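In the two complexes that follow, chain A is the common piece, with chain B as its partner first and chain C second.
Now for the complex of A and B:
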């Protein structure tokens, strides 16, 4: 799974570098699959420590054979710097939680590239079609795991920490996939079928 | 009455307030709505059956081309923001571009939505201009605050600290000396016969002499020493963290090089002489008042001595 996500993230990094004309590295050090309770605890720790409560979230829901949501989470206070880097504008030392439509659209595009790459890679590798819409972007003033992952006990949480390195500026975020156990079983089964003989 | 919605769809798209383009899987334009005509100034008639890249050259770029292929083949939606892609439709209209796949019988079509962001960019420009104005205003306020502070804490004539600032630093340095067990020096400086300088050369020249004395004292002192104009022709200098053995005579000599020296001011040669007295915390007193009194006493002794020397031709 980790290898699979790293391939997706690698593709996203190269697309992003091309679009914003800056060298971007995306690093996903680890992928953790947890049950709902453990997943929420881990996510709450991340939200407290990295986003210090306020998060900018870009998320899509997917259905058809695989069901769930995937969210890209960033510390909201770092997003002005991130957006200014993407738009090649001088950073104006703005740490506020006020964002313009253009800011939201920038994150929507970046979210779409990353989430497309991850879900696309997953869907292509395990040959399971996934259907989804463009991401919705929102700012959560006091972000909690409850607001980001479903309560149903048959859901699992896949959590990946992702570090953006845009020409030396590092921004830490996380990708959280919340999917049904059935979806994960299906993925793992297909991975087994594809790589099982090796 | 049964309504065949398909029959009405082209009419409906005409009223949508987004630029709508529908492409077939060869990226050929099959539909172009009136708002697109407005955004690009190309009529539907001019663009139908032409490749999208010919009509909107920016979409020939690799990024867009790959996205269109991906949308068509896998149905992954694509989104391009006006902030990152400023010139999709040229200079006049910044647009967001959304691409989605539509499956129609066996055909795969691409629905493109161009969302005009001109007003949002205008608002941002207005906001930035207002933030800039606010920053300029803040800057001016800060400068005024600095002027007010200067008026409150610095002597208008000489630019060195006034008594209010001296009191602040005196408290600060004395507390620090008590806490760290260090020594604090205080120097009392008086310009001899200043009244005579004023009477002989005029107040204007007298003021300039006083300013030069302040400058001379500031130059002779260390960075953290505080030179203060204490009264008409009197200065006090606070000297924190002086070390043992404190050679006050050496310090006086350092300034005293100027104790009796001819000064050229406004074309006059003026003989300037200073009387100096130094006191030390904790040796000479434990309060600032005690230290000032001690330094003042020594300054008078010095003044007396210099008069005696003068009387006896010293």
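Now for the complex of A and C:
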């Protein structure tokens, strides 16, 4: 399972490199698969430590055979820098939590591309197609795990801590996948069928 | 003048797509639509030579837009530009007789690919 997501995150990093047109190093993520209670605790620790409470969250849901939501979480204060890098504009030293429609649109589209890379690669590997809902982006002033993984029908939380090193600019973030147990079973069954349980 | 209609719910993506293709080709006029429904209306009213469309959009999905466009003009020249990397989606969309299926993000190499299609297609 970890390898599956590592492939997707690697693809996402190279995709992001293409967008920003700069060399991006991505720390090999530590994929953790947890139940809801543990997952929420972990996520709360991350939100307190890395985002210091304010987070920008870009998410997309998927359904059909696999069902869940995947979110890309970054500290909101770093997002102006990230957006400037994406738009190839000079960084304006803006750490405010005010974002324009253009900022939201940019993050939504980049989140869409990165999250599609992760879930799409997973879908291709396990031969299970998914359908996406429209991507969403929001700034959570006091981000809590409850706001991100709140649906009781989802039982699993997969967390990947990522650090983007964009030519010396370090941005810590996380990818959180909130998925049903049935989806995990489907994935494992198909891995077994396709790869003989290797 | 070749008319290219870009259908994408992201202004960011519209801007980058038009800018990169525009650098590769002279004599191209771009029009934009923010969702599939608007894309269909503009296709019917403006008769673009080429349509570059996203798939995941509000109101009318890209797949449905292509289907509706092909009902109007079976020979309509459609290029898909989508973040969806699923091979199954690519396979289904390919069967709708699109000229190309290109994955986002847009970059210079992909813009050259689209420009070559448009350039060779002689609208």
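In this section, the second predicted complex is superposed on the first by the 191 of 198 C-alpha atoms of A that agree within 3 Å, B and C clash if a C-alpha of one lies under 4 Å from a C-alpha of the other, contacts with A are read in each partner's own complex, and residues count from 1 in each chain.
Assume a residue touches a chain if its C-beta (ideal position, glycine included) is under 8 Å from a C-beta of that chain, and two chains touch if they have at least 3 such contacts.
Just so it is clear, the structure is predicted and the values come from calculations on it, not from any experiment.
K.L.:
Superposed on chain A, are chain B and chain C clashing or fitting side by side?
P.N.:
Here chain B and chain C cannot both sit on chain A without a clash.
K.L.:
Just to be sure I read the superposition right, which of the two partners does A:15 touch: chain B = first, chain C = second, or both, or neither?
P.N.:
both
K.L.:
Can A:100 be said to touch chain B (first), chain C (second), both, or neither?
P.N.:
A:100: touches chain B, not chain C.
K.L.:
Looking at the overlay, does A:37 come into contact with chain B only (first), chain C only (second), both, or neither?
P.N.:
neither
K.L.:
Who does A:194 touch here: chain B (first), chain C (second), both, or neither?
P.N.:
neither
K.L.:
Touching A:45, do we find chain B (first), chain C (second), both, or neither?
P.N.:
neither
K.L.:
Tell me which partner A:134 touches in the superposition: chain B (first), chain C (second), both or neither.
P.N.:
In the superposed model, A:134 contacts both chain B and chain C.
K.L.:
After the superposition on A, what does A:109 contact: first (chain B), second (chain C), both or neither?
P.N.:
both
K.L.:
For A:121, is the partner it touches chain B (first), chain C (second), both, or none of the two (neither)?
P.N.:
After superposing on A, A:121 lies in contact with chain C but is clear of chain B.
K.L.:
Using the superposition described at the top, list the residues of chain A that contact chain B and also contact chain C.
P.N.:
15, 18-19, 87, 102, 105-106, 108-109, 112, 116, 120, 123-124, 132, 134-135
K.L.:
Show which residues of chain A lie in contact with chain B when the two form their complex.
P.N.:
15, 18-20, 83, 86-87, 100-103, 105-106, 108-109, 112, 116, 120, 123-124, 131-135
K.L.:
Chain A touches which residues of chain C in the complex?
P.N.:
Going by the criterion above, the answer is residues 9-13, 56-58, 83-89, 104-105, 107.
K.L.:
In the complex, go through chain A and note every residue touching chain C.
P.N.:
Contact set of chain A toward chain C: 11, 15, 18-19, 21, 87, 102, 105-106, 108-110, 112-113, 116-117, 120-121, 123-124, 129-130, 132, 134-135.
K.L.:
Which chain B residues qualify as touching chain A in the complex?
P.N.:
Within the complex, chain B contacts chain A at residues 62-63, 70, 74-85, 96, 98, 117, 120-121, 123-124, 127.
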